[in-house]
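My structure is below; once you've seen it, I'll send some questions.
Naming follows writing order (A, B, C, D and E), and every chain is counted from residue 1.
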């Protein structure tokens, strides 16, 4: 077949857009993580692709400040001017929604989006990456059903699709159990503080606090539950349970919180003997990334970069259609940063969510300790 | 005050027992004053006597606590500031009320605003009519500038004029409003002696041509005495005296309070 | 002894020249009037001397060349300027205005003393001491401007049209105050005025400025008698 | 007078040349960007009237822009109205909302008004989320592309660009009608000194409300165009920062200049991304420096700066 | 009922955060007639400097002291380089310039220290104490006490000292100030320096609550502006009262007004500000400007 735009015999051009600046610049870590993995691969000579040719990846990174309008502008420029082969790791839901129509029109793959929301609008040309928030909700519900079957839950939720998706799924999962939700309070990423919401949640008499919020507010909530004399069982979304967040809160304040993740916990920048983690540490060091090693967003970026490279290795023909075929038919792909037992699986036509398993962790004041086994939700991602 | 004189012709402007207070400061206490049609009435008094405040009250820029002010026999209570000019009261300001960044012509054209209405609706939906009005307004404004001898300065920025010319431009703007009565607050400020004479002639000419009533506040005694038909004197926010220039000039109370020894 | 010596002073507003090579001097302890019609350049001259405008030529004050000296320093050297249009701090109280007038005065007791003195002179200001200057009547503000300038106890007081907006009796009073400061404290005065007749009653000497140039000068008594000059430059009819 | 119409003619033809060459030389993706810049420019035109001439600082112009965008999107996505037909409605609804926002302006001035309106801008995205059933919440709303005339189906962006340009033309006409006449004078008069203006018979209430309404109508029109050109809108596009950016665009372009509105719109769209093109990690540093340096060099905005130079050159040539 | 008191208490704590930035805004406004939108970001930069010094092993108090001195220098340099050349530029230009300062300092922090939030040590003992069921944070009490002291000192200096009078005069009118011998540039420079110090102190006080990050001040900006407006832009004490009023009403409104809720709580300070301004357009403690006709 005719090669698609953006690919030559020795290079392939890939576009990344994300918020490198602005209030959620932490999410820019995705782009940085991808860059680290790609530079690593290029440094090792390039990617030996399925058609037998070895290509170097040329990354085009653009800053969109999380403004969907700028995301679209960046994508158009990358597609029409820079002629990228595909987009990877596009951050945040509204931004992916904004480019949906355009990428379907132009038939440009938008792979391994950094978005935890299920409903998108160009499924043929997209594939997700991180587990949906509904998956995380299921995992939390699962934990409660076993460990606190009569939990009285208070929700602090991000007032976007993120929080909505999470709560809808959670409500569905606890149906028919003795678990009750007593109070829900929204937060926005613009809220200066969330004391008010937390006070109201505390006053509800709940014994379980579920935190679905961006790092700043999530961190504040973690601190609150330890400071306020309220000692609920605290479940925190992985959006705001990364080690650096806990550091900012004070590790002792985070003791006992429970979170779920598909990544291995990394709490030290020293070689651990785990090959995947060690290669990651090398990569981010030589790429001189702007996040710290323990940042899960950066790790996710690196994992996305690795997934990209794996898909290219399997690309038999240098076309965009072929790429979509590959990423829509993943069967148990491994990833260096994934927790053992979690892999990527998709099925063309029915399942575009590569990661649908989570591991629960509890923080012991120093590090995350896995609790229970991997929770598998393969093929069950729902609204 | 002098009731018999009021009977003769109805005054254009008549104030009775007007008091104005700013917080604890009593700026005016029960002052009365009237201006007959076609008359130039002088209003003098020491600094802080309340002259400007009276003008502000008469144009409804400040509220008066008691008393009444009537225009053509109509009470002004409840009339909005912005409607005063439409009722025929135009004024100048002691501390200059000019628009420094606009041209002289624009300033003068603003005088006719109350007649044109300056409505956005008209400008947007009836642009041709708005443009025609604008043209005729400009011509009239030029004519007024001609009348005060400032036509050659029409395109200058008002702020760049010398102080006395700015004051004169304010008069032109007031005239563009085609008022019945003109209230002038120290219009001759900054003029030299000779210029004051010339200025007096200008004001008198305007009054005659347009058959205007004028209330004139000035500290320039030569001008006031030569120009005014009648003079009212305020002191400490009250009426002190009233009379013809000759009477005022020789009024001991006025000399003591205001004129000083060598008037 | 000459206190203020102005030589070939030229001032430009952008490209337009307002003063052309003006030269004159004011002796210490003199009361000098600067006369001239509108737009002659009187204000410009004062602004140049007090440091509000840059100039060409030279201005010496007590033997010092002023061109490199900042406005603050000029004030400290004793040059005070009461600007046209008063320049009071309208959003400050009368009292604060007087305090500001004494910015360069270090001695608190002197400030207190002087305030008392000017309140004595202008009882109106005392009545209004806690009122905002902007709410004063025009003439009251003029009094305040004068009192404020005197708070720094200047050696050379330049006053731009003090009579503007003042009642005749107050004009006389202020000129009389100037005169007595001049006589008793030896303060040098340079007063710009339109009100020629009254000014010449108090001044020792006068210069006439016209279209940016000094066109005449003389003692006050000379000028009062000189109908020619009065007619052609000062517009005083008969 | 003749001078004035001559310079207007020169400006207009210059504008036409620029507009035409953009449509010829700009690649499709850039053309769409330019169309978005023009949508912002329409809102800036309104803000210039309000801020530059009426002297009222409104930090909610982005909100009114958003109202317009949502009116267009809702009418189109929910009720199937053809996109272009929604534009007058978008302008009208925004005008009405603008009147409401303008009410406090009758009593508040300057800084105080700026801050109250800024608050409204900050609350707007939350309100959009709260009214999710109407606005589509965080997922936003799609907008149909307007039907492209046959001969340009290859470059639908060109059609979008022309639509934006036409709307901007209407906006500019509207503003010029208001500004160059008695209404405009009254507007400036109440800005420079409201008390004197009142004494001259200016109805402050009416003048200010009209200024708000006109400005908001233009914001709404711009927003509608924005929705059409983007094809998709969501609350994230109308955060408080948008209102700030519109104000920046207005000032950088020149608050009292109509051409400045276009400069400002282009500035808003292109300069931040150029800055990050220069160096990805220093993008905002460069942008911040650019803001400061531009204002230091061109304190009356870019058009003010250019006009100063042009008139200087003319004067040189003449004298 | 205990929820009510808890909401009031934590509203006060949050209000103290708003008041801190508002105080710096009011100071610079009073001293230079400029609303410095970048004040918060300049302050964040100083807080990062403190953090950095501590990373290098400097003890907290010394680090704070050093950064406050540094903040003074930053204020002065900003004035010299950016503001002084623009002293007689139109106000719009200044608005963009201060927004430029905001962007610049935020970008600088992000470039040097990254986007991640960091923990910042509190000047006060951690935790708090309970009054009945109500929990009071020691840091909130401490912050408020310091702010109050600063506001009173500022008010005193502005009103009763020669320096304060001169600073106000310089902000009011340059020419007039020059004529009475006020060193205008120096006053404005001091204004920038002091405001920068107060801002830095504010940032150091509130960073422990907000976590240190380049954008920590951004969400506060509107609330601080509202607080300053509510209190009246020329009153330091007003800034504190305004900040606390905003904090408490917002906290109560978010909990007790169901149609507002936590997601629309920003409507509460807007409404409060609007109502107060409609009654008193210059704010609670603001003074009216005068125009004599």
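Simple rule for what comes next: contacts are C-beta pairs under 8 Å (C-beta built on N, C-alpha and C of every residue); 3 or more make two chains touch, one makes a residue touch a chain.
Every value quoted in this text rests on a predicted model; they were computed, and no experiment measured them.
K.L.:
Enter the minimum step count from chain A to chain D; a value of 1 means the two chains touch.
P.N.:
Step count on the best path from chain A to chain D: 1.
K.L.:
Of all chains present, which has the mean Cα position farthest from that of chain C?
P.N.:
Checked the centroid distances; the maximum from chain C is A.
K.L.:
Pick out whichever of the two, C-E or D-E, is joined by more C-beta pairs in contact.
P.N.:
Output for the comparison: D-E.
K.L.:
Could you tell me the distance, in whole angstrom, between the mean C-alpha positions of chain A and chain E?
P.N.:
For chain A versus chain E, the centre distance works out to 36 Å.
K.L.:
Suppose each chain is reduced to the average of its Cα coordinates; what separation in Å results between chain B and chain C?
P.N.:
Their C-alpha centroids are separated by 30 Å.
K.L.:
Where the CA atoms of chain A average out and where those of chain C average out, how many Å apart are those spots?
P.N.:
76
K.L.:
Just give me the whole-number Å value for how far the CA centre of chain B lies from that of chain D.
P.N.:
Roughly 43 Å separates the two chain centres.
K.L.:
Find every residue in chain E that makes contact with two or more other chains and list them.
P.N.:
Only 107, 110, 263, 266, 291-293 qualify.
K.L.:
Which chain A residues sit where two or more other chains touch them?
P.N.:
Only 21, 159, 188, 190, 290 qualify.
K.L.:
What positions in chain B touch 2 or more of the other chains?
P.N.:
52, 61, 93-95, 97
K.L.:
Can you tell me which positions in chain C touch chain E when the two form their complex?
P.N.:
Going by the criterion above, the answer is residues 50-52, 71-72, 75-76, 80-81, 83, 87-92, 96, 99-101, 103-104, 132, 134-138, 148, 152.
K.L.:
Using the touch rule from the top, collect the residues of chain B that touch chain D in their complex.
P.N.:
Per the stated touch rule, the residues are 59, 61, 81-86, 91, 93, 97, 99-102, 106, 109-114, 116-124, 127, 130-131, 133-134, 137, 173, 177.
K.L.:
Mind listing the chain E positions that touch chain D in their complex?
P.N.:
Per the stated touch rule, the residues are 35, 82, 85-86, 89-90, 92-93, 95-97, 99-108, 110-111, 222, 225-226, 229, 233, 263-264, 266-267, 269-270, 273-274, 277-278, 281-283, 291, 293.
K.L.:
Which chain B residues qualify as touching chain C in the complex?
P.N.:
Residue positions touching the partner: 22, 25, 45-53, 94-95, 162-165, 186, 189-195, 197, 219, 221, 257-263.
K.L.:
Which residues of chain A touch chain D once you look at their complex with the stated criterion?
P.N.:
Result: residues 20-21, 61-63, 65-70, 72-74, 76-77, 79-81, 93-95, 97-98, 100-102, 119, 121, 159-161, 164, 188, 190, 290 of chain A touch chain D.
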